[in-house]
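There are two complexes below, and they share chain A, which is joined by chain B in the first and by chain C in the second.
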Partner chain A sequence: MTDRAAVIRDITERFSEDIQRLDDVSHKRVYIDIETGSLVKMALYLFEQVGARFNIASGVDCRSHIEILYHFTVEDINLMVSLRVRLDREKPVVDSLTPYMKAADWIEREMNELLGIEFTGHPDMRRLLLADFWPKGVYPLRADYEEWDDSAVRDRGV
Partner chain B sequence: MGLKLKALLKSPWVFHLSTGSCNNCDIEVLDCLTPRFDIERFGMLLKGSIRHADVLLVTGSCNRMSAERLKTLYEQVPKPCLVVAIGECSLSRGMFIHSYNCPVPLDHIIPVDVYIPGCPPKPEAVIAGVVKLIEKVGGKKGD
Partner chain C sequence: MGKRTTIPIGPFHPLQEEPEFFTLTVEGERVVDIDVRIGWNHRGIEKLSERKNFDQSTFVIERICGICSTSHPFAYTMAVEDVMQLEVPDRAKYIRTIIAEGERIHSHLLWAGLAGHFLGYNTVFMWVWKAREEILDVMEMLSGNRNNYAMFKPGGVRRDIDDDVIKPCLAKLDRIEATLDLVRKAVEDDPVLQARTKGVGVLTLQDVVDYSALGPTSRASGLARDVRKDSPYAAYPMLDWKMITTENGDVYDKVILRVLEMYESLSILRQALPNLPGGEIDANIKSVPPGEGVGHAEAPRGEVFHYVRSDGTNRPVRHKVRAPTFMNLPTYRESVVGETIADATIILAAIDPCYCCTERVAVVDGRGRRLHDGTDLVELSRAKTERLRREMGGA
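Showing the complex of A and B:
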């Protein structure tokens, strides 16, 4: 598949029930809002059938919900497909992509500790970035994060 | 001024430590060592090990993980040693002052002798700072 229109048409036909919305924003960028449950099969389709590369994922706390964008690059046609899932803010749970693509390992661990998203099926969910003494259940990239360290100095002393 | 300190000022060997900087200050420090500025003419030599160094050059805002490593390194420097904070980040954490991972500035963690501000400081500023450091320590001679 080397044609951009054919790739997008194929995705929309194959996953018509899973896709909530498709934003064709520019000639090299497509955003697809999908159901949370159909993430794995769509990601696997892009990865194995279309030949896309898993680029990176980005997690965002939007106050009303938490969303994750999974960016896939189809290098032959210079197209980036971003799958967007919306998660419940109280209990953000999504299926892990790590069993299928190794590149998702560290970014899922990072989203787990910075945003508190739970990835079901991740084989090795250890702490990656934060210090060992960082308190449990405090997620620094959440919009409602508050300072927990009393010894922190937040002025320049002038 | 002790004999150790006097010997140190003749040829201060420096160790360069980045505690999470954007690498811009590191490039300026390396610039000082290139033939254009050639800080080696003052006897300064960049060393690969902290145990061989007299001066600790610190760049970058200290985060929770690197603060522990910084303390360990400071314990390993042969004393007397001098600490130079290079760049806005190590002085006051710069734009990272409200970051969840940078709780305190460098001088709350280890004692600092010279502050070189700038984002990044020019090689001239680094050289001027080091000369001031030598003057400051060497000036105690008359006491």
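Showing the complex of A and C:
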């Protein structure tokens, strides 16, 4: 598949039930809002069948919910497809991609630590980034994060 | 199964650009497993960036990396411009390209010098770092800084390039090329260097695809993947240059690939510097509308990825940063396992993450006694080169 329109048409037809909304924002960016349960099959289709490269995922705490964007690049046609899932902020859970895609391993561990998202089926959810003494259940990238360490100098008021 | 020994490497060393902690498990001489833990210097820059305005963030993220400092502002400014759907003026595109390519030469030279050092080629180390001074001088003439150039801003660049520095810059590029020729000849002709690096630490094409590895790490395994070509940005599509790929995925291919890439960067600089288009250098952004955008740029080590979300205020509500090593580091599992400890140093260095952590290696036996430290591991690597040199009848 070397044609941009064909790739997008193929995805929309194949996953018509899973796609909530598709934003074709520019010639190189498409954002697709999908059902949380459809993530694995859509991501794998992009990664394995379309031959897209997994750029990375970016989690965002939107206060009302938590969002994850999984960015894939189809390099032949210079198109970045970002799959968006919305998770319940109280209990953010989504299926892990790591059993099928090694490339997703570290970023899922990162999002687990920084945003408190649970990835069902991740084989190795050890701490990757935060210090060993960082308390459990404190997620620094949550919007309502508050400083817990009295001795820390993290922001000098600049 | 033989007796297994665990070798902790890292996490801190003053020379490291990125502290990491490796746990190598070895059986005799052979590495059987490796685990990596990162985050020892997690500075919370993503969180910090949310408290800065769009202009200030440019300076914060320039400090993410001390070597490829410009690649982050490059990707970030493009992400902000993606939110706005903004095209920057041509002159700004050229200046951005010039700074990024100068930086690539400096980064690759730094790496080549250290790789030589680890293999016991200290002459190469000295030559190469001398040539690196020349490119740093070029960067100083162009930007006023040897590193952390502070040239980028959303919408354009902060500083113009004066016409009268272009000629002396071009003269310096010739001197760099002379050193590059020497290095290239040394790499292509030296049988000992080839014996140390060919077939060592192979990363297959499938591994690259599985891990979504980036930059020279993917190109050395034959996967032609370069953001400058795949998603053309700045002045790259307006200039004539080749994407270098090699096939074997071993350390040798990663060395020669970086050497050849420096020639391409020189060529880009030679085309861009004398042909700077006229006009504005800045699109003068007044505000950033609500929305989200992605910017990715090819840093010396691979794609740098920035995601920015704006809510219409003067600060990003979310700013995600992904450096290339985040994708490249996990491939160690594939490239190091099965190799000998003497080669582990150079294989770890071949991805160009942080070489210096290896100097903090301590080999500990089952009862926790210390057998080797990092210096010994580098010594092991050099001794192997010496041995090969004698066996092959070299000087």
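The rule we apply is simple: the second predicted complex is superposed on the first by the 152 of 158 C-alpha atoms of A that agree within 3 Å, B and C clash if a C-alpha of one lies under 4 Å from a C-alpha of the other, contacts with A are read in each partner's own complex, and residues count from 1 in each chain.
Everything that follows uses one rule, which is that a contact is a pair of C-beta atoms (placed from the backbone, for glycine too) under 8 Å apart; a residue touches a chain by one contact, two chains touch by 3 or more.
The structure displayed is predicted, hence computed values, not measured ones.
Of the two partner chains, chain C is the only one that A:F54 touches; chain B does not reach it. In the superposition on chain A, contact is made by A:A131 with both chain B and chain C.
Taking chain A as the reference chain, the count of touched residues is higher for C when chain B and chain C are set side by side.
In the superposition on chain A, contact of A:A5 is made with neither chain B nor chain C.
Looking at the shared chain after the overlay, A:P140 reaches both chain B and chain C. When the shared chain is aligned, chain B comes close enough to touch A:S151, but chain C does not. By the document's definition of touching, of the two partners only chain C reaches A:W106; chain B does not.
Common to the chain B and chain C interfaces on chain A are residues 130-131, 140, 145, 154-155. Across the interface of their complex, chain A is touched by residues 64-65, 68, 92, 97-98, 100-101, 103-105, 108 of chain B. Those residues of chain A whose C-beta lies close enough to touch chain B in the complex are 130-131, 133-134, 140, 145, 147, 149, 151-157. Across the complex, chain C is touched by residues 26, 28-29, 31, 53-56, 58-60, 69, 71, 73, 75, 78, 80, 82, 101-103, 105-107, 127-131, 140-141, 145, 154-155 of chain A. Residue ranges of chain C in contact with chain A, taken from their complex: 37-39, 42, 44, 46-48, 51, 82, 85, 210-212, 225, 230-232, 292-294, 296, 303, 305, 307, 309, 317-318, 320, 322, 326-327, 329-330.
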